[in-house]
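In this document, chain identifiers A, B, C and D correspond to the written order of the chains, with residue numbering beginning at 1 in each.
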Amino acid sequence: MESVGSIIVYVVIALTIVICSVLAVTTRKILRAATYLLFTLFATAALYFKLDYEFLGAVQIAVYAGGIVVLFVFSILLTSHPGDNSAKLASRKRALGLTGSLLLLIVAGYSLVSRCELWSALPQGENPSMNEIGETLMGTAHGQYLLPFEAISVLLLACIIGGVVVARKNKN
Amino acid sequence: MELTILWYLIPSLLMFCCGVYGFITRKNMIAMLISLELMLNAVDINFVVFNRFLFPGELEGMFFTLFAIALAAAETALAIAIIINVFRVSEKIDVDDVTKMKF
Amino acid sequence: MEPVIPIIILALPLTMFLVLGLLGHKMAHRTAGILGTLSMGVTMVLAYITTLTYFFSGSSEFINEEGVRLQSVIFNWDWLAFTDSLVIRLGFLLDPISALLLVVITTISFMVHLYSNGYMRDHHGVWETGFQRFYAFLSLFSFSMLGLVVATNIFQMYIFWELVGASSYLLIGFYYTKPSAVSASKKAFIVTRFADLGFLIGILVLSFYTGTFDFTNFTSTGVEGMANVYQVDLTTAEGIRNWIASSPAPVFMGGSVLTWALVLIFMGGMGKSAMMPLHIWLPDAMEGPTPVSALIHAATMVVAGVFLVARLFPLYLMEEVALNIITVVGALTAFYAAMVACVQVDIKRVLAFSTISQIAFMMVSLGVARPEFHHGLGYMAAMFHLFTHAMFKALLFLCAGALIHAIGSNDYTDMHGLRKHMPVTHVTFLIGCLAIAGIIPFAGFFSKDEILTAVFGQSIFWYIWMSAVAGLTAFYMFRLYYLIFWWKEHKTPEGHHAPHDQLWTMTLPLVILAVVSCVAGFVPFGNLVTWNGHPMFESVNFFTNLGALDWSVAAISLAVAILAIILATVMYKKENPLPAKMRSALPRLWDWCYHRFYWDELYMFITHKIIFGCISRPIAWFDRHVIDGSMDGMAWVTQRISFAIRGLQSGNIQLYVWIYLVGVILLGAITAVCLL
Amino acid sequence: MFSNLLIYFVVIPLLMLAGFAICKNIRQVRTVAVAGSILLVGLSVWVLCDYLALRAAGNMEEMLFRGDWTWFAPLNIKLSVGVDGVSIAMLILSSIIVFAGSFASWKIDDARHFFMWLILLSTGVYGFFICIDLFTMFMFYEVALIPMYLLIGVWGTGRKEYSAMKLTLMLMGGSAFLMLSLIGIYYHSAPEGQALTWNIIDIARNVEETQCISKGWQYFLFPMCFVGFGVLGAMFPFHTWSPDGHACAPTAVSMLHAGVLMKLGGYGCFRVAMYLMPQAANDLAWIFLILTGISVVYGAFSACVQTDLKYINAYSSVSHCGMVLFAILMINTTALTGAIMQMLSHGLMTALFFALIGMIYGRTHTRDIRLMGGLMKILPFLGVGYVIAGMASLGLPGLSGFVAEMTIFVGSFEHTDMFHRVFTIVACCSIVITAVYILRTVGKLLFGPVLDPHHAELTDASWWERLSTITLILSVAAIGCFPNFFESLIRFTFSPEIFRAIGLN
């Protein structure tokens, strides 16, 4: 049995997620879309906090909200004039998008709802300590992730170089 | 009332659907990228929730999310670099207009 | 008999064809002419030797103890074996009719070779272009025609039949730069080819059921040990008939197979011999040089049809129907051609129609021949007439050639009154006319009289009919004679030499043929050529033929001929308005006759409108648009489909995502349905 | 391997290819082409003499000069060679036409590459005729087809790309059917429990002894096989590649294609379809008799109204090749002999036609008979050649066409039922129609007054053209004058032992 406060917090988070993500994809102003995305990301972070994954929540805020959204905003400012509305959607495209997403919603939603084990409560877990996270990240034993960590770092490096190369102005 | 696992999955599903809708409908490549982020985010939530649900004592799902966030960051950075480059060439970032590399 | 001479008879003209054809253009004209003529002369002498040997040597090869003439195969080489029994052989069959034809062909051919030396050059002695080619083709024709008459089997005959057709094509189209000659040659070839189709099918039918091509087998099957006897008694006929009746499918489309075969074979004969309705090529064939007309289209090739029927006569005897068809076709053609000949302007056309008419006489004669009546008199008469007709018709044609050569035109309107200018031609032409009109004692009288006697024996109706035709013959020939040589005085156009008799090379053949036309009637044919080899007379002397005449028939026909000549004399001897009056009295009839009863127009309609317009063109259209169109259509459909599929691969990432998504959802849904 | 004579039919062309690869100028190319084609003619004559000697010595095997070399063991694919009279006739035909074709393309552009493809094509042809292994045959068949695309597409005239594409696609379509049926035959090539084989002789024996290809399968495989080869044999309604393809192809290619390649179709129909599936051939013949009967008359009628020389000839090929398939379907010794004779005859005659048309076209730059006339006077040699070719085509005795057609007609007439009779008579009618279009063409093209004054200055054939033409004319005349030699050469193939394999007698 959850406390009322917890439920209220949940409701706020869930509503933020849903509303902001809907707005993010429907608004015609691209900068607003980025802002709604930011809210969605924050709400997600809040969800992580609520589930006691504090480190994850922090990463979410730092990387997503702090990094990616800023990137988005910069690129939007670079590529579009403020106040521009994107063109209205072609009805064919809207129909495609709606059918696709609604179909997905119905099928996935039905399969979620029809699973009775998903109606069970979420077990309580404790917040993993920073120590634990660090060891898991740095170890090579079973259930530890040094190799992916290194792979990610190489990937990020490649991504940085790639980004620089791609975005570099062609001299000719 | 109890917050069952379903209550966590449904917002994530809705977020994913929004992402799909946005990806399919938006012309602006940045908007498409935003939709993509939404989808990734929804997946992240699922990872975490299922981690808690299935293996409460362990950290697989959380680390998956962690890595996914990192990948998302990398992917976004690269994509934005490309978009800006495209913009430089064609002054447009609508996905329909970028056809030079077709065929 | 040793095969050497027969081989040379065939080989010499063939060699000459090859030599003149391949090397002719390197030779002088004169050399080529002399070479061709000499070789033909040699061939003629050899043919005479052969024929005389056959008829008079009394060798047991050729005649048996009872005085019956036999068929003798001198040599017979396998040429092409279809099956063990169906083998085309190239051979040399000597019997009365082939011996007779050997003489006719080589004589006329030699005359024509000689004559052409003069004819094929103009008044200044300049040779025609292609003179050597002309001699080469003449040699080819002689070879083919000789091969045809000595054929030992029906397929050999067909082979040479085609070859004479081809050489006739080449010779009619000799002046190949002249469009009319080209189309005439084409017409001749195609019409006879069409007839040959019938001949071919007839051969196929006949050979399939009898299992042989050989004439000797056709005519003597069932008579054991008498393979070489040119003789079919009625028991043999019965034998073949039973044999055919007992083979599979003896009845085809309502007629007996034998009837079909014989009628189809006769169709081939109709084509070559220009019987109605396949006669249309012969008048046009006069586009060829006149010596060619004399050789091919008067004396030799056109009687091939008669020869064919005569050759298979024992078989025809088994089918009354076929013989009746021959009679009717012949009689109609004879009358038709005689009518048309009465109004033509072009002298060669008159002669051409007269040829058609005379060949039809021979056909009728064969058609009415029955062994019961005078030992098959009709058969003998037909062969007799073939012989005499070849002589006097060649004579007439050569005279016409001399006239044309002198005047430079084919129409009698440009001639008139030539008797004083060209006395030799005049006399010889007159002899030819008397012969064809059937005036005693010229050759035509005897042979025509035999024919009429034979017809009289078979049917009074056809007798009257044919007598009328004989009268018409006398009339149109003398009409022609008077219009050429009398009518009015000849006016030489300004700047031209007066016409005169030609070189000796041209007049000599005329004289020789005229002499032959005078005496040929006295040859005792009844003892030489009969349908079964039995001689008709006990003993022969110079007047045998006179003695054997049926004088009642002879008197009537003589009277008819003389009446016709008198009529012609009245109408045409002096310039007078009678012919014009006649014409205006019967304008419709005159028109029809003049336009040859519109047969050519009918044929033009059939070939151009129906065959080309209604069959070939639609087929070509169908091919281009429907068949080819459907193939192109398949390509088009494939291309369309490819384009449609290419559209899916548009590069539109959002569409890809959607499709992917729908696919995933469907898979998911299916999985869900299956699991739940 | 190299002790077998037949291998050299493939080796010599391959050596020629190598020779072309190192040739520096057109003289060398010509030298190689002429030397090679003479060698091939010599080789085929040698094989012929050896063959006759062996037969005379009493060797009664179905195929002589046998040789087997495995080249893909898992599927039992071998290079099996062997020839009988029919194959030898075809080999002689091919080598004569390659010889004449080399001379006919004396002045072609880019001769080195042209001859390379041409010889590659002829490698395929020779390979096809010497092989008795279905798979290898099929391989050579494809080798013969593919170069055609380039030869027409690159060296052709007119709508060459379209025609090349059409020709190749239609023939490929045919060979798709063919491959299916060959694979089908392979999987039924031996009774249960025995090793499968591609070898025609083994399959034929198995079929005869054990009925290993059941009737149902035969009904399925035979039509595919027949149609597959029939496309190449220009069977109605799959003939439309022929007019377009021939019209656009360069001279030597037309010659080789009409002269030899189309024979692959007839040969295949006979050697594979009839030989291996006799029952189906017997039962289903009526379908194809109708189609080929239509071909015969239809092609002839179409030719009557064409105005392009090559189209006329292409449609006449449809008619004549239709006759080949028609005769094959009659399934009796005489008709089959006639079919092979017709292949020989048509091959030589059409090659002659196309050679002459190419030469005339090379001078007048038009093939429209309405624009030409009186060429006989200007080009007597070519004119006479054309007349001879025409006479051969309309079946003048003494030339090859007559012999072949008469053999076919006599053979076809052995069937007494109404159906066969009617179709035989219909086929006979083609001789008249042939005369019509041949004489029409000859009349318009060669006779009459000279229509185009520019034509008056044309020069007659040069020595290489004469050589090419005379070779073909002599061959046509040789068949026409001495048919018994060829007939007996071919007929032996249908001697009772082998005929039994066809399922008759």
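Just so it is clear, contacts are C-beta pairs under 8 Å (C-beta built on N, C-alpha and C of every residue); 3 or more make two chains touch, one makes a residue touch a chain.
Since the structure is predicted, the reported quantities are computational estimates derived from the model, not experimental observations.
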Checklist entry - Counting C-beta pairs in contact, does C-D beat A-C or the other way around? => result C-D
Checklist outcome for this item: Whole-Å distance, C-alpha centre of subunit C to that of subunit D, is 37
Checklist outcome for this item: Between the Cα centroids of subunit A and subunit C the separation in whole angstrom comes to 105
Checklist outcome for this item: Distance between the CA centroids of subunit A and subunit B (whole Å) is 6
Checklist outcome for this item: CA centroids of subunit B and subunit D: separation to the nearest Å works out as 67
Checklist outcome for this item: Each of the following residues of subunit A touches two or more other chains, namely 93, 96-97, 100, 104, 108
Item to check | For subunit B, residues that touch 2 or more chains besides their own | outcome: 20, 23-25
Checklist entry - All pairs of touching chains? => result A-B, A-C, B-C, C-D
Checklist entry - Inside the complex, what are the residues of subunit D that reach subunit C? => result 166, 169-170, 236-237, 239-241, 244, 298, 301-302, 304-306, 333-334, 374, 376-377, 391, 394-398, 402-403, 406-407, 409-411, 413-414, 416-417, 421, 424-425, 428-429, 431-432, 435-436, 439-440, 443, 446-450, 483-484, 487-488
Next on the checklist: Per the contact definition, I'd like the list of subunit B residues that touch subunit C in the complex.
Outcome noted: 20, 23-25, 32, 95-96, 99, 102-103
Next on the checklist: Can you tell me which positions in subunit C touch subunit D when the two form their complex?
Outcome noted: 78-83, 86, 88, 155, 158-160, 162-163, 166, 169, 173, 176-179, 182-183, 185-186, 189-190, 193-194, 196-197, 200-201, 204-205, 207-208, 248-249, 252, 611-612, 615-617, 619-620, 623, 627-628, 630-632, 635
Checklist entry - So in the complex, which bits of subunit A are touching subunit B? => result 1-2, 6-7, 10, 13-14, 17-18, 21-22, 24-26, 30, 33-34, 37, 40-41, 44, 47-48, 51, 53, 55-56, 59-60, 63-64, 67-68, 71-72, 75-76, 78-80, 86-87, 89, 93-94, 96-98, 100-102, 104-105, 108-109, 112-113, 118-125, 128, 132-133, 136-137, 143, 145, 148, 152, 155-156, 159-160, 162-164, 166-167, 169
Next on the checklist: Help me check something: in the complex, which residues belonging to subunit A touch subunit C?
Outcome noted: 93, 96-97, 99-100, 103-104, 107-108, 110-111, 114
